[in-house]
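Before anything else, here's the structure in question.
Letters A, B, C, D, E and F name the chains as they come in the text, with residue numbers starting at 1 for each one.
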Amino acid sequence: MPLVTVKMLEGRTDEQKRNLVEKVTEAVKETTGAAEEKIIVMIEEMRKDHYAVAGKRISDTE
Amino acid sequence: MPLVTVKMLEGRTDEQKRNLVEKVTEAVKETTGAAEEKIIVMIEEMRKDHYAVAGKRISDTE
Amino acid sequence: MPLVTVKMLEGRTDEQKRNLVEKVTEAVKETTGAAEEKIIVMIEEMRKDHYAVAGKRISDTE
Amino acid sequence: MPLVTVKMLEGRTDEQKRNLVEKVTEAVKETTGAAEEKIIVMIEEMRKDHYAVAGKRISDTE
Amino acid sequence: MPLVTVKMLEGRTDEQKRNLVEKVTEAVKETTGAAEEKIIVMIEEMRKDHYAVAGKRISDTE
Amino acid sequence: MPLVTVKMLEGRTDEQKRNLVEKVTEAVKETTGAAEEKIIVMIEEMRKDHYAVAGKRISDTE
């Protein structure tokens, strides 16, 4: 612990994902004092036809 | 907020998914008073070999 | 299945929650064809000091 | 209920998954007294480029 | 990894919870080959007024 | 989106939580390019008797 889950739309590059987990881990370590080796970050990608705001899916609004 | 996640088996049509997010958003708005544009609905599809009831996966019972 | 999780801020009344699970179940049944007795709806309440948008917690913006 | 979610890296065989849901269901039934037919077990597989420990993704450490 | 989450209604004893995490960990280790020290089990308790089946909350059916 | 959930043991101060959501939001914005006002961060606190590693709950190892 801590366990961090980042849910975001598909489409980010491998480089962005590498930086994301690194920077989020740093942010968690710096502010909570958790040991770095205990911090887990998981990325969950969402499809545009599976994500809706105000009743409309992103895939239906593009 | 509110954030709604609907976990269901794979296999619904795009039309069913479109109606699902629309009707669920309406239900949440109507009963909680949340502003429509704040309501997020996410669909998470599950594979039949990853979903089990009473120790048996759906894929092993068909 | 389907399993529906509704994450929302604390503060809704018992009546609102009763109506919420009822209406969401109806919406899911109507649009996915799932059998009513298979539909599970779970409410997860969030504290205002545990929910942030744009880096600010609701508790810090009121 | 209970609803059990097992998040693990991709790569287990179908046989391992079959045994996993069976044994986890038994463990839950035996220790909580829940009725077997009420116990749901869901497997969520994670990609190595979506799972990080100590700021490094598994895909970047192999 | 693996990360196991067990969602269940409130009311189990401390003893039941101790046995639950132990037996579930054993089941996961035995069937997936994961190293014991890497297996995390988390219990999430649900209130009866926050859990509904077929549109009715447990709290409204007792 | 992105939606970030941080699961961690109970016990952090309000100040730590304020900094946590701020720094995590910055990290996500900086690395994914997401607009700040779209980034949601949620904190989920876990009790020591509900979190186990290697089959032992934190509450049983202190």
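Please note the rule applied: contacts are C-beta pairs under 8 Å (C-beta built on N, C-alpha and C of every residue); 3 or more make two chains touch, one makes a residue touch a chain.
None of the values given here were measured: they were computed from a predicted structure.
**Q** Using C-alpha centres only, name the chain that sits farthest from chain C.
**A** Here the answer is chain D, farthest from chain C.
**Q** As a multiple of 5 degrees, what angle does the CA superposition of chain A onto its copy chain E give?
**A** 180
**Q** Count the C-beta contact pairs for E-F and for A-F, then tell me which is higher.
**A** Top pair by contacting C-beta pairs is A-F.
**Q** List the interface residue numbers of chain A and of chain B, divide the shared ones by all numbers used, and answer same when the ratio is over half, different when under half.
**A** different
**Q** If you average the Cα atoms of chain C and of chain D to get two centres, how far apart are those centres in Å?
**A** 25
**Q** Please compute the C-alpha centroid of chain D, do the same for chain E, then give the distance between them in whole Å.
**A** Roughly 12 Å, centre to centre.
**Q** What's the distance between the Cα centroids of chain B and chain D, rounded to whole Å?
**A** About 20 Å separates the centre of chain B from that of chain D.
**Q** In chain A, which residues are in touch with two or more of the other chains?
**A** 3, 7, 22, 26, 40, 46, 51
**Q** Can you name the residues of chain C that touch chain F in the complex?
**A** Where chain C meets chain F, its residues are 7, 46, 49-57, 60.
**Q** Considering the complex alone, what residue numbers of chain C touch chain B?
**A** Interface residues on the chain C side: 1-9, 12, 16, 19-20, 22-24, 26-28, 30-34, 46, 51.
**Q** Mind listing the chain E positions that touch chain F in their complex?
**A** Interface residues on chain E, with respect to chain F: 14, 17-18, 21-22, 25-26, 36-45.
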